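Next up: some structures, all given as structure tokens.
In the two assemblies presented below, chain A is common to both, partnered first by chain B and then by chain C.
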Partner chain A sequence: MPERVSESHGRRVIVAWIVLSVVATPLVAFVLGPHLPPGNGSAQASEQVFDNTWITAIVTPVVCLLVVFFVYALTQFRHRGGALVDGPPLRNDSRVQIWWISVTSLVVLFLAGFGTYELLQNGSGGGQGPDPIAIPKGHKIPVQVIAQQWQFTYRYPTYGGVETPELVLPADSYIELHVTSLDAIHSFWAYELGVKADANPGVDNIAYVKTKGPRTFHVRCAELCGLWHGYMFDNGRVVPMAQFTAWIKAQSRAFAPVAKYLPKYADVYYPDPQRRAG
Partner chain B sequence: MRATGLKLIGVIVGLAAAGVLIGLYVAKLTTEAGSAAYTVPVTTRGGHKVVDLRIETVAAVGPQLSPGHPDFVSYLVRDTQGKWLRRTVWRLPADATVHVTIYNFDGASGLRNPLYARPQGVDGNVMTVDGKTMDVLPPDDASHTFAVPAYGLVVPVAPVADDAKNQCDYAPCAMSTAHRTIQFTFHTGKPGHFRWQCFVPCAAGWIDGFGGPMQTIGYMDGFLNVV
Partner chain C sequence: MSVARRLIGFNLLTACVLGVGGWYVGWFAAHGIVGPSIEYFGDVDFNELSIVMGYLCGVLGFLVGLGFLNYPIARLRGYPPSLREKETGGIGRYFGLCTDHKVVGIQYLVGIGLFFFIGGLNAMLIRTELLRPNHQVWPAGTYLTLVGIHGTMMMGMMTSGILGPFGNYLVPILIGARRMAFPRIEALTFWLLMAAGAILETTIFFGGFPTGWTGYQPLGTQANPGMECYYLFFALVGISMTLLGLNMIATIVTMRAPGLTWTRLPIFVWGVLSTAVLMVLAAPVLIATLSMAVLDRTAQTNFFVPAQGGSGFLYENLFWFFGHPEVYILALPGFAIVLEILPVFARKPLWGYRLAVGGLLGVTLLSFFVWQHHLFVSGINGDLRPFYMLSTELISIPTGLTFICGMMTLWRGRIRYSVPMLFCLAWFFNFLIGGLTGVFLSDTPSDTTTHGSFFSMAHFHYTIMGGLVFTFFAGIYYWVPKMTGFQIDERLGKIHFWTMFVFFNSTFFPLFIAGFLGQPRRAVTYANGLHFINVWVSISAFLLGGSMLLFLYNFVKSLVFDRVRAPADPWGSKSIEWQLPSPVPVHNFDRIPVFSGDPYGYGETGPTPVPAGAPAGMD
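So, the complex of A and B:
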């Protein structure tokens, strides 16, 4: 009799799990998925939305099983008065173990393979260090991101090495970001572009991003970097190429007085020690 | 059962009280930056609000203004009676013209990023140093900067020469001691809460000049509370 009851519990849980998964998984994949972060501000951001949608959809049945089991246990196995007694002894069931290990192994291996494949396409907007292995083909515009307490500035080596406090990128272009720092460890996070790369002093951390149409995007530091870390944010812009060309020329003019003082463009900088600061 | 309920209520009330206290502390920390806001007097010229903000930078704030850290480098603001205050939160009117005068009594530290040697975000992208108009300061000469990143505003502060006579040891510094005068004008826009800071790692005695007053609210940084 107890075995029959146990099988009945199992059947109920499995049926409820299947029903919930059949309903929830398509909802996650087709309704929630397109709204997952970071949006569609760049090719990499769109790929991340695709990846996040797939991964979330795959884990949805796992979450459903946990939810069903949790709710079922809370409602059905609740102690309702009377003397507390031990439950029936648990016995090993090798079928359940084999299924559990096989299915979870397959899910984990698939996600690892899927994630690796996606990363190797173009780095998925992440910093790849000074020697990237996922290099997209085609022409790329290099832009250096220089972090310092507490602001990012940007250098454009193919436009005379001009440095500006504002990040403006041409639309529909591949950008090669060289992220570095002049002081502490920061992290360059261009949220809507799907780019996140650590900014370490003495390191040239390279990330790739392919912009789409004109838009604004947020830039913020994602590494606790000191007193005003919370205020280390800014807005960037993606603009049509003609507008970008006009903007970079205007920046060259605006910062012409300081051009002679800027160091020669380099992957990283080692500023001279301050005169009096240790 | 009743005892359990009371315990639960006690825990919830305790957590809520702790949350409120932490929230108030953080709110005070971020809006006051360690000191009460100084309301800069406003005049009206031709129907337009104009502010005359006078500040100074000193190599050592001194025991009178900062007993806990007398050797910290600091900005100070001058009130209408000519008294120097260690307050770095300044209340300014929105849509106003702000004429800034910085009296610098400190020597050179040098800029880590030479980009900040160029005055930016101020009228004409120029400043005057002792009456002379300049559109850039040699980066190694910079003593400090006054920067409001949200406004795109950066002004490098010219130094007192290392061999200048009659240098000020501790604030408040008399105007008869060696100093430089830097002037520029900028404009406030909409109301808001904007942080300002120095971009020169000027904390003498700290690793790379980044510790001490550079990481302590109320010395080389603060807020413009634009209302």
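So, the complex of A and C:
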């Protein structure tokens, strides 16, 4: 008799869960999904949106299960009245255990496999360190991002190592970002491009991004780097290739008088003199 | 006269006097070593070494003043061993070295509560700054110090938030012992923690520190002298944690009463044991790391200075090797409290006891293999990211075991919604959101955007505040009647719960959106478009702070003014602590109990596992 009671309760929860999941999951995937960050500013950003959509779609049934379970259990099994009454002494159920462990393990392994596959395509815009493992094929334009307290500057080694205070990238091209720092740890975060890479002094942190059409984007420091961390942001632009070529020529001309004071282009730079407490 | 005489002796007053005196002794001694000042702070007569030495000697003086040297010296002079340090006596026991585990538990509750409220106040000040996108209520440096003190205080103090008060008070009782294995070390862990908390607060006299709770290098190397307070705070917390963990492990392994086999141990004790293992294995790494950082600043070593052969990655690696187990040091006691309290209010045995234990141990083991998920975009070991993604996501399997055990315990129970139960049920909601948003952060491609944003900040507030602080309050409402012998007002408790639950969610859920929209953590400014979300969050945070004040009012009103006697077993629990009088007598048991089962036999016939009334057993 108690077995049957338990089973009818269980059946109701499972039916309600399936109905709710079948309704909610497509809604989440197709209505909420396209609005998930960071938008479609680059190939990497689009991949992250795809990833976020998948994860959101997978966690939706989990949320549905717990919502249904708790709403059902907390209303159906509520005890009113003063006297203490004990419930049935159920201590175990190996079917529930096996199902739960199997399903959670499968979901977890799928998520890890899916994430690894996505990551190994091209690094998904994340900093990969000096020896990247996920290298996209084809021609890449290297751009060095130099972080210092509290601004970013950019060098273009294939354009004579010119250094600019503004990040301008050609459209529809693969960019190889070399992120490094002169002092503390910063993090180069181009939100709309889906790029984030820590800038460590003495480390060449490489990230790849494939730009799409012309647009502007925000650049922020995402790692606490001292007093004016909150003000370490600026804007960047993606422009058509012809416009980019013209811009970089103009920059080379404009900065020619100071270019000779720049250090020779290198993977990493060290500040001198050292700033430290003591 | 008698009052004045009681103030003289080894107590908190003497300790504070000797602490301050010790500070100056160390300060002068260091000046003897390095000379009067250095040019960086030419007009201010202090340097890094003098501050470090000052604090170290200050802590030493504080401990001497409390009487921690009396017993070793007495033993050296040939006196017999004893445990008689203030085991009896009035309220004075709470202001000094006391070897009664119940006194230490209550000391912890009040002491940690005090620093918890200071940390919470800092959060209010942070939210005040963020009311407007680009307007400085506090100067930028002050803002970073507020963020740093809030984070460090919460992460440092609250590591002992459940093991300190409830672990110390309850573990000996739950395992049928009369004391902890090392009672003096138990007292030492508490007073070290208090000294540490005071040191962290004094950072404001030395310009604060800019690094947040992570203390990343080389920013820490170039920071103000206030940075020293961060290092010393966290290192002392690390020492306190290590000793607390060792003490807990020794107590649980060696001092269980007859019949209390590993499968009969209350799940709370299992939670304490797994947390203690994490503490003992993780905290020493922290102490070593911070010592290296202090050497970098005082002795001009170069462990973390990149231009001279050091590495910031070394610090990040070492810090997070401690830092991620630390997160589970905060979360695991919460799991254990939920699983301990649910059976009492669902009137059913704990479902899947072995599974629950397996879950706790699984989290303990796995939490040592995930630390580089904090460093996915840092450029360290790019080829290890798939491994850390897998190991991080694997942790949701043992965490899921806690969920299924809790859920199946509720299944077909006779559920009563008392205040402790409400807090435990809220844990499921909060930790579900915290856990599932963790999936976004553990997935390396998705983490590219969410890393270092308000998304991750909201995530860990859901797991730590929603996981630890909610269960901390569950523990208070559940066990404080036992600890003090007085009831806590149920109606005000329910109002406290609902306001806290609603405003907690209304504070932190919008921050997921803010993070998704690109608001970075710890930044004093944000984009104008995020103004509405931030105002909403700030107002909710103030209301959440108000809810905490309501708790404080209830706590003081119930325990100091109303003083309604609590019955010995107000919740109808079968666990052993409720079979003892409230408050528990000094030596816990007249006779050591003998256990014949676990404490979850609700609805089961046969002999009660723990005999009601005065526990029977051996002397």
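Just so it is clear, the second predicted complex is superposed on the first by the 268 of 278 C-alpha atoms of A that agree within 3 Å, B and C clash if a C-alpha of one lies under 4 Å from a C-alpha of the other, contacts with A are read in each partner's own complex, and residues count from 1 in each chain.
Assume a residue touches a chain if its C-beta (ideal position, glycine included) is under 8 Å from a C-beta of that chain, and two chains touch if they have at least 3 such contacts.
Please read these numbers as outputs of a predicted model, since none were measured by experiment.
Colleague: Looking at the overlay on chain A, is there a clash between chain B and chain C, or do the two fit?
Modeller: Once chain A is superposed (C-alpha atoms), there is a clash between chain B and chain C.
Colleague: Taking the superposition as given, does A:153 touch the first partner, chain B, the second, chain C, both, or neither?
Modeller: first
Colleague: Touching A:234 in the superposition: chain B (first), chain C (second), both, neither?
Modeller: After superposition on chain A, A:234 lies in contact with chain B alone.
Colleague: Which partner chains sit in contact with A:262 here, chain B, chain C, both or neither? Use first/second/both/neither.
Modeller: It touches chain B, and chain C stays clear.
Colleague: Using the superposition on chain A described above, determine whether A:187 touches chain B (first), chain C (second), both, or neither.
Modeller: In the superposition, A:187 contacts chain C only.
Colleague: Using the touch definition from the top, say if A:226 reaches chain B (first), chain C (second), both or neither.
Modeller: Once the two structures are laid over each other on A, A:226 reaches both partners.
Colleague: Considering only the touch criterion stated at the top, classify A:31 as touching first (chain B), second (chain C), both, or neither.
Modeller: neither
Colleague: Mind telling me which of the two, chain B or chain C, contacts the most residues of chain A?
Modeller: Of the two chains, more chain A residues are contacted by C.
Colleague: After the overlay on chain A, which stretch of chain C ends up in the same space as chain B: 98-106, 134-142, 296-304 or 368-376?
Modeller: 134-142
Colleague: Which chain A residues are contacted by chain C in one complex and by chain B in the other?
Modeller: Shared contact residues on chain A (touching chain B in one complex, chain C in the other): 183-184, 226-228, 231, 271-272, 274-278.
Colleague: For the complex, give me every residue of chain A touching chain B.
Modeller: For chain A paired with chain B, touching residues are 146, 148-151, 153, 163-166, 182-184, 226-228, 231, 234, 254-255, 257-258, 261-263, 271-278.
Colleague: What residues on chain C touch chain A, complex-wise?
Modeller: Answer in residue numbers: 38, 40, 47-48, 140-141, 143-144, 210-212, 214, 216-219, 221-225, 227, 296-298, 300, 305-308, 311-313, 346-353, 355, 375-383, 385-386, 389-390, 393-394, 396-397, 400-401, 403-404, 407-408, 410-417, 425, 428-429, 432, 436, 439-440, 442-449, 451-453, 516-518, 520-525, 527, 572, 601-604.
Colleague: Show me the residue ranges of chain A that touch chain C in the complex, using the header's touch definition.
Modeller: Against chain C, chain A makes touches at 5-6, 9, 36-38, 44, 47-48, 51-52, 55, 58-59, 62-63, 66, 69-70, 73-74, 77-79, 84-93, 96-97, 100-101, 104-105, 108, 111-112, 115-116, 118-120, 123-133, 179, 183-185, 187, 189, 191, 194-198, 200-207, 218, 220-231, 270-272, 274-278.
Colleague: Show which residues of chain B lie in contact with chain A when the two form their complex.
Modeller: My answer: residues 107-110, 112-115, 117-118, 120, 125, 135-136, 138-140, 147, 149, 152, 154, 195, 197, 199-210, 214-217, 221.
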